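So that you can tell them apart, the chains are marked A, B, C and D in the order they are listed, and the count of residues begins at 1 in each.
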Amino acid sequence: MTEKIALDWRLRGQRYRLEGEECPHCGYAIFPPRDICPECHQPAKEPFQLSGRGEVYSYSELRHAPTGFEEYAPYTVALIKLEEGPMVTAQLTDIVPERVEIGMPVEMVTRRLRAQGDEGTLVYGYKFRPRLALA
Amino acid sequence: MRDVAIIGIGQIPVGEHWDTSIRHLALGAAMNALQDANVAQVDAMYVGNMLSGHISGQEHLGAVVADFLGMAGVEALKVEAACASGAAALRVGLMAVASGMSDIVMVVGVEKMTDTSGQDTTAALAMAADAEYEISQGVSFVALNALLMRRYMHEYGWAREDFANFAVNAHANAVHNPHAMFPKAITAAAYNRAAIIADPVGLLDASPVCDGAAAVILAPLDVARSLSPAPVRVRASAIATDPIAMHDRPDPLALHAARLSSQRAYAAADIQAGDVDFFELHDAFTIMSALSLEAAGFAERGQGVRLALDGEIARDGRIPITTLGGLKARGHPVGATGIYQVVEAVLQLRGLAGAAQIPNARLGMTQNIGGSGATIITHILEAL
Amino acid sequence: MRDVAIIGIGQIPVGEHWDTSIRHLALGAAMNALQDANVAQVDAMYVGNMLSGHISGQEHLGAVVADFLGMAGVEALKVEAACASGAAALRVGLMAVASGMSDIVMVVGVEKMTDTSGQDTTAALAMAADAEYEISQGVSFVALNALLMRRYMHEYGWAREDFANFAVNAHANAVHNPHAMFPKAITAAAYNRAAIIADPVGLLDASPVCDGAAAVILAPLDVARSLSPAPVRVRASAIATDPIAMHDRPDPLALHAARLSSQRAYAAADIQAGDVDFFELHDAFTIMSALSLEAAGFAERGQGVRLALDGEIARDGRIPITTLGGLKARGHPVGATGIYQVVEAVLQLRGLAGAAQIPNARLGMTQNIGGSGATIITHILEAL
Amino acid sequence: MTEKIALDWRLRGQRYRLEGEECPHCGYAIFPPRDICPECHQPAKEPFQLSGRGEVYSYSELRHAPTGFEEYAPYTVALIKLEEGPMVTAQLTDIVPERVEIGMPVEMVTRRLRAQGDEGTLVYGYKFRPRLALA
């Protein structure tokens, strides 16, 4: 169940910078990278940088955290619909819980996700915070 | 392709079996099924299970169960499809008999979930979702269902309270099931008062962590009548998948794999949704009941909750569901659930469901869901 | 029951794929197989895998692979039988086609083993044995094979050195396999000098921990010729089990499930052991090669080692084994191994094994072993 | 992978005292308890106390231990053929490694098997030691 160092290294582009792919055949924006377009099923390996902007599709405040996340509970997880089309699952951060709502504009930030293993290696990744109204 | 029938069923009570190892849970259900079918030996056995490696440190469960049943030698494999592992194993058993590769086949669903802490079990269950893009974000299985439920409430204007009757109905039915974990009625008021575990999902929206095992014996239809006084014909087996991560589905509330799986099952059985007398759906969470009713064609989009509110899911309603308690009140030992559903459907079709009996039940449907909907397996069973 | 043929094969190099997740390992092999078969879509896919939960925190691998192949919607299940998971998945794929429930089926074997420490992977592999009565005693998988090897040496009077040629032969063959992890020749002297890891098992008796994936595409035999220029017919699929714990087998050296599985396969194919042109056996350890040769009928009890000493296992010997490197030198990514064996057998039967080609290979046998012998699955393949 | 407290409790009879079963139908001695006779396939739940005496069927000194047993390596594991018939897998203890041999008479003792989990709960169970020649 513990995330592994090699795994974190493999996923650094996606987790730190929201790097996806763009399908050269149908233009579909793909995140996470799949190398095969889920829309037209053609090979799709063109790197594509997502803007990190999106809005809340749904959210929930989680009170019982799985192993590895206990110290952070309660925290709010959400489905974020990104501007370019893909949806991602992520935690919300820098929020006032009662002000979170479906449709709220958010933007990606890099934050600590958890500490792992006996040595407590820190794992970072994307979270989303409310976007200023003028953004 | 040979037609296949169920000639025996077995189950053990769902609950916290502190004193029983996973192998002996499976053994209990298997022995009951062999006895019910009145057969001493099978040609093959398929074991549906998700978590034996994580929780019991035991993989290779097919061989373990065959061995401890005293049947070392026979074909034995484990089949896994997260919470749909039970129905997945049944599907493989059906292929074995349909192809002619085996005649008498046992399918066992088994799960031991109470040997680890609640947090560890929560983390283990999350392996049914996308490890790299869901679990890694700290989302639990409950939270995934909460995301669905909130969006559903938002899109269709329902309140939390409107889901109460899914839980109330399940518990009311479980009262008549001696194998249920919670054979106790609950009220809508109790549902409304229950603690919230991941907003808007409360304690009484969710099925419990528990241990259990159930088994069925399969045979070719043409010999089933000579082997069993009340064989049940498998009219359809259908499976469909959807992206593993909820966020990768174009419309998460559509429960697309359930729609596909149901349609494939109706086509194979040559029936309509309306022909089904009862529906053992996968009520791991109340939101799943609503979405399943819609995807299987019993309600319009966004109107599944209406069936609960109107009492149409009760024993005497338009489409009775969770007739012996469902995942909510019978319990949800994940890899065993798909087989419990089938065992209960067979009881209904044999007319042996006691006070929970659906009058004149002739066609029953079971639907087992893996993960948040990535694997959905439907079976249609018919009384002969 | 419909006859089934293999119309496409795919594999990726076995090794330590630090930069590739388990899903993308599977994808690589699957894409190669689809391309080889020249099909774009399949009706179902079965994934053979043992350790995805423990090592990658990901169960529900069937749906994951279907999804990332861009095939969400299709039937997809994971099949597990410890180190025999690959052949187990193939067996389920054969049932699907033989029964008529599916026409074009993909079977993928995949394992990611290098994301955990060596000790953790050792502990994970031990889940193939009896968790309660073997693993709990601190025995590792290597140690179980050491117990067998020492008893064998004691009963039949062999020395450690007598096993050397199993490793030497495997490495000599791997030199011609671009997908092998160790495509390098070794000498008997190197075998003798190698460090002992669990007396009498040394480093060169054991297959390596590694990552890999392989895939095959199946179709009904009667349409295979129109789909593929060189289809390979599956003449037999046979499986047998034995008690999960080595200590519960009346005669552990008999490898009883291999004997049973081989005999069932010969009977189904209507052949004798002597008709087989080559034998891709499960050389996870050199002792397993000796016991497999005996159980499959190529040597008397206690005389399997003699075949190695006499060179009868070489390409031009009486019964060539591990013709493209075997588990020892191609590598043993556990759930993928059974499919690598089949992919290599198909290469031989197509006459495309290059410098490793067995002249006039017409009938090939593969045998995949789960645990220390609790599940053994044999396939016999025929060039058309 | 870690052994659980409930599991250890369930198996205490077997692990501390080698409690097996005897088949009332064919007399077969069964260890571990199976409730179904592996010989005649009839129900078999009669408790039966094994003597703990046996001899070494095979053995191996293990230098690379699995997770949880590292601190004990190297140690010797063996297959022990018990007097009553069943065979068990167990560690040898109180041995001079070079004097261990196939056929050596041994007897059961209870010893610490491992420490488990963060709290280091000790798990005990059977091991086997050489039997005196006159035993």
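Basically, a residue touches a chain if its C-beta (ideal position, glycine included) is under 8 Å from a C-beta of that chain, and two chains touch if they have at least 3 such contacts.
In this text the structure is predicted, and so the values were computed from the model without any measurement.
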Those chains that touch subunit C and also touch subunit B are A, D
More contacting C-beta pairs: B-D or C-D?
-> C-D
Averaging C-alpha coordinates per chain, one finds the centres of subunit A and subunit B separated by a number of Å equal to 31
Per the C-alpha means, the centres of subunit A and subunit C lie apart by a whole-Å value of 39
Could you list which residues of subunit B touch at least two other chains?
-> 21, 54, 56-57, 67, 71-72, 124, 127, 132, 135, 243, 245, 248
Could you list the positions in subunit D whose residues touch two or more of the other chains?
-> 1, 3, 7, 38
Which residues of subunit B touch subunit D in their complex?
-> 18-21, 24, 27, 31, 40, 56-57, 67-72, 114-116
Spell out the part of subunit B that touches subunit A in their complex, as residue ranges.
-> 54, 117-120, 122-124, 126-127, 132-140, 142-143, 146-148, 150-151, 154, 196-201, 243, 245-248, 252
Okay, in this complex, where on subunit B does subunit C touch?
-> 1-2, 21, 23, 50-51, 53-54, 56-64, 66-67, 71-82, 88, 91-92, 94-96, 98-101, 124, 127-132, 135, 237, 239-245, 248, 256-257, 260, 370-371, 374-375
Write out the stretch or stretches of subunit A touching subunit B in their complex.
-> 1, 3, 7, 11, 15, 32, 38, 57-70, 72, 75, 77-79, 86-91, 102, 113-114, 123, 125
Spell out the part of subunit A that touches subunit C in their complex, as residue ranges.
-> 1-4, 6-7, 9-10, 34-38, 41
